[in-house]
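Chains here go by letter, A, B, C and D, matching the order in which they are written, and residues are numbered from 1 within each.
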Amino acid sequence: MAKRRASSKEVSNDDIGEANRLELWRLQVEIRHCEQRAYDLFLQNLVKGTSHLSLGQEAIAAGFAAAMEPGDKSFCTYRGHAHTLARGVPMEGVLGELMQRDCGLMRGKGGSMHLTSVEHGVMGSYAIIGAHIPIACGSAWRAQYLGHPDVSVVFFGDGTTNIGAFHEALNYAAVFKLPVVFVCENNLYMEYTPIGQITAVEHPAADRASAYGLESIIIDGNDADEVYRSARAAYDKARAGDGPTLIECKTYRHSGHSRADPGKYRPPGELDAWKKRDPIKIYRQRLLSFGVTESVVQGIDDEALRKVDAATEICKASELPPEDILTTDVYADGGWAWRN
Amino acid sequence: MAKRRASSKEVSNDDIGEANRLELWRLQVEIRHCEQRAYDLFLQNLVKGTSHLSLGQEAIAAGFAAAMEPGDKSFCTYRGHAHTLARGVPMEGVLGELMQRDCGLMRGKGGSMHLTSVEHGVMGSYAIIGAHIPIACGSAWRAQYLGHPDVSVVFFGDGTTNIGAFHEALNYAAVFKLPVVFVCENNLYMEYTPIGQITAVEHPAADRASAYGLESIIIDGNDADEVYRSARAAYDKARAGDGPTLIECKTYRHSGHSRADPGKYRPPGELDAWKKRDPIKIYRQRLLSFGVTESVVQGIDDEALRKVDAATEICKASELPPEDILTTDVYADGGWAWRN
Amino acid sequence: MAQLTYREAVAAGITQEMEHDDRVALIGEDVAGAGGVFKATVGLLEKFGPRRVIDTPISEEAILGAAMGAAMTGMRPIAEIMFSDFLAVCWDFVANEFPKSRYMSNGQLGCPLVVRTGNGAGSRFGAQHSQSVENWAMAIPGLKVVAPSTPADVKGLLAASVRDPDPVIFFEHKSLYAMKGDVPDGIHVDTLGTARVVRPGSDCTILALALMVHRALDAADRLAAEGIDAEVIDVRSLVPLDTQTILGSLVKTGRLYTVEENPRLCGWGAEIASIAADECFYDLDGPIVRITTPHIPLPAADNLEDIVLPTPERIADKVRRSMG
Amino acid sequence: MAQLTYREAVAAGITQEMEHDDRVALIGEDVAGAGGVFKATVGLLEKFGPRRVIDTPISEEAILGAAMGAAMTGMRPIAEIMFSDFLAVCWDFVANEFPKSRYMSNGQLGCPLVVRTGNGAGSRFGAQHSQSVENWAMAIPGLKVVAPSTPADVKGLLAASVRDPDPVIFFEHKSLYAMKGDVPDGIHVDTLGTARVVRPGSDCTILALALMVHRALDAADRLAAEGIDAEVIDVRSLVPLDTQTILGSLVKTGRLYTVEENPRLCGWGAEIASIAADECFYDLDGPIVRITTPHIPLPAADNLEDIVLPTPERIADKVRRSMG
């Protein structure tokens, strides 16, 4: 099957429109500033446990979320801050969870790898590679079964395509024509190992699409417009009952895999080359080229930073989670009793 | 990638030679008679537990085994009688294990689904779908690592291509260029469910080959010559250090999935159509067309039946396994002590 | 009261719940067209159609993942894992996904589903198709774990499991599928977390589960003939665990025995023994004795399999010796 | 004696065994180029090259399957599963393949391999990266199960595991990787199946494993100040289990406590408690008390995680109360 790449012509048409473009910009800069803040807070020892940033991958989160309808469901990984924020979850919920404070989305019980906000359609972030891919299929099955119009969208990395659950889920979704969209963020690394070194094909997701009767789709994950268009097409297809789509987004993470990883395994120059293709840089120019004024563009950027500052203050002022939540919500009765 | 099908021209050349052809015939009729006997013994309540016959699939077992060198390793499934016999394992070892007698290959400790004869290169039969595929990769890794010349060959069904371990193993073998040959026996059914109903692609193995950078190969699994040629090519490639091969063999099982399954889920006429393509029938004609006399052909057939009769008598005369083996060979010290 | 087999009771329980609640659907390998390899779901496809009774590929992770995603978002799925041994290929869902999402999300997510699975030995299937793994599930916080011993309990506890808002692992014993028994007519929903005294007695307490309940009862009859009056308790539910009934009996009899089909180490009886040795130490009149399958993989051969699980003789013998 | 960290002791043990035996090779995710996510395998790629130290895809089933196939046919592989929680995604190999092939083949096949894995809590990683699952492995017949508490034991027991002809699951505690300790110079091979009395005492026996050993010792110090002289035993190896040392101590002290990081149900302490309540009932002077993590998934937040595992205060408190 042919690979689909957005042409530069496509990019310059105005099918997206200014309102959506400003939204895509806002989401990207909010994520960028919030992730940078998460890193700063980590250096200040205020972020506990681990954390996995999406610096450099913001366009994917923004594009897929902006194209969603309310009620659509996102299934994320440990690298899920961006996708969670993109669904409109307040920053203090995200940063608070990273800081393991009471204002965190799950009051510190889950931690940074498990961000969840059901009211915003963020149906959890999953830290064991692959598991959430079939789970997203289940959510899509529910939509199909109950006649709900929503789409389930599941995000995962390039390295994740080599685990068994990926394969099972893709076949399952294709067989049952489930309204699910599989989004592979190919940032070229599985932790510290280059993806090409441990994968039999060049495009870890797209080159597997035909094994499930799906179209091979590779897009520029650093271009929010291209992401947005691909997302819309996939959601439309899902809602029309035409089954799943698998999309491989080429991208790069600017930061390390997690926490303080300095990313020394990268060949010299690679990061710099990708920083030239920074999604924020690309999109700022895109807006300007579409005639949006510098002050509008910068204003949204500034506002994003103000929001991050405010959220940071809320988090710093927030208490530690109280000890009595330690044993709540193990079972549906609210408690943890395993005996009478 | 193009699909490879042996042409009828190929079939008529004599690259295989009479000695090999008679061997292929002997293996096929021995398996046929032995499997039929297993079924008869089951009806007489002499085969205990479950059993999974390869009636109709003999050409695959014969072709792959006949092309092997001593030292090559076979990894089988619960449907493994045929592959075990094809490596030269005595029939009384196989039938004895089905009958759970002391003369059985594992003295009744394993049962029909776990036939193993290390001295013949049968490195076990595995009953949990998929597990043996990565295990065969490990054996191939050992050959590569220690510089051994042997090839590891793993047999599995069409339904098995949908489990995660299949995917992981194929990628793993391709990445490390392991000397392993993956053989999918596509008999059109996963137990009672038609494979097409629960698989996203038409050819469950071959249509996935490209996901691992492998050639898509589909062969007529009922033609022992075609099987033999494909096996030889794959083994040569493996031994040359050129990595794994995945081969999908089209075939059909004449009997039910296991034990007394009457196979009612089959559309009318399907079995009859396939019986016209019975590998035994095909090969008998092949030999005659190559000028082998009817008496030689029939003589081998008769001899096979005599062997089965003799093995049956040995098994019937064999004792039940003694109780003292119940707790042997849990650990390498021969015993089962988990405490001092 | 209808007389049903244990396997018919499975179908009856599912039928009742599917009629009661449209959100209930069944997925698994060969559960629809073939009615299950153990014929426990015969007739459901015909009754409820392919929307609600679904044959899946051999993809246990996808099956349990699909069940979980559906459960989280509003369905009440029942997933079949054909043999409980195969829980190992999808253990991540059982151990790491189902039972943790409610806690990790601080109560935002729930996972109301049932995994039915064929458990236990007796069919001469060998080491990979005969295990009793209810203790694997018991070890995981956040799960509920049920193992019925009669057709009536199958129906009632299965119904209760489907209606329960938490993930339930439901162990059906393969060697009981053919067993017949009375099953209450009409809607029948039992209560999870309740053990049952199946034979009252005063001299000792014998705990058992599933197939072992019948063997314990048989042993109790033998012991009665010798003047030992054993109380036999069908534990039924490992989580929640009915410690009131269990410890209440122990306080009365002063002696505790467990009859477990699982291999010895870390079996369910170990947990109960440890509870008793702590909380009822001063009520005990003698050692707590566990009668289990030895800590070995299971053999296939019929004569070997027959002696490897706890037998009525072995149970009675162990009780007799330690009481003597 | 060299002073090494626990993580350096891992690399030292592997180095020793790779130098000793060419059949030993290491596979796992990021174990080679990156030296492991816990930096426990730093330097091995440089020393032994890419033939023997191999970075794999994220394919835990392929990793363990490859290790098994190689072990069966003549190698002595060491496979890393990064976090022990991930054993769930490849549990089929651990529970159904490694430990059964020798038995099922009536001794024809063996499976001499080691699975090293980062186990336990303390890093604020939350419920899917912090579990103590040594009891999962203990429940499976045919495995050996080891969990060292010091750098010296890491090296010596890892070496013993690599040389052992059976499959060994080797639990490294993540919160101990930074711990320093003396490690014997030269070839050091310890013995599996041996517990160690790490603090002799006469009033009660406290059993612990891995991280909990240090907390039990701390608790024993507190108790000593109050006049309770506790004997602390580092169990070290769950299978084989050194019941001689354990029960010998119990017979001497009359009191048994277990300190387990696993959630309560079916933890390793339950098994030992059940053995003691059977075989040493008449030696016991009081209840057997288990101090465990509560039966819940683990929280991420540091203040919550700090109080959820057994702490020295909690251990001392439980002992004090039941001895009092």
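Just so it is clear, a contact is a pair of C-beta atoms (placed from the backbone, for glycine too) under 8 Å apart; a residue touches a chain by one contact, two chains touch by 3 or more.
Only a predicted model underlies this, so the values are computations on that prediction, with no experimental measurement involved.
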Most distant chain from chain C by Cα centroid: A
Contact-richer chain pair (by C-beta pairs counted) among A-D and B-D: B-D
Centre-to-centre distance between chain D and chain A (centres being mean Cα positions), rounded to whole Å: 36
I'd like to verify one number: the distance from the centre of chain A to the centre of chain B, where each centre is the average of its C-alpha atoms, in whole angstrom. 45
Could you put a whole-Å number on the gap between the CA centroids of chain A and chain C? 40
Interface hub residues of chain D, defined as touching at least two other chains: 56-57, 59-61, 85-86, 88-89, 92, 96, 103-104, 126-128, 141-142, 239, 264-265, 295-297, 299
Shared-interface residues of chain A (touching two or more other chains) are 107, 109-111, 114, 126, 128, 130-131, 162-165, 168, 171, 175, 197-199, 325, 330, 336, 338
Given the complex with chain C, which residues does chain D contribute to the contact? 85-86, 88-89, 91-92, 94-96, 99-100, 103-104, 126-128, 135-136, 138-142, 239, 262-271, 273-274, 276-279, 281-282, 284, 286-290, 295-297, 299
Listed in rising order, chain D residues that touch chain B in their complex are 23, 25, 51, 54, 56-57, 59-75, 77, 92-93, 96-97, 101-110, 112, 141-142, 144, 164-166, 193, 239-244
Please give the residue numbers of chain D that touch chain A in the complex, ascending. 29-30, 33-34, 37, 55-61, 85-86, 88-89, 123-129, 264-265, 294-297, 299-304, 307-308
Please output the residues of chain A touching chain C within their complex, sorted ascending. 73, 75, 105-107, 109-111, 114, 116-118, 123-124, 126, 128, 130-143, 145-146, 152, 164-165, 168-169, 171-172, 175-176, 325, 328-332, 334, 336-340
Okay, in this complex, where on chain B does chain A touch? 162-168, 170-171, 174-175, 197-201, 207-208, 210-214
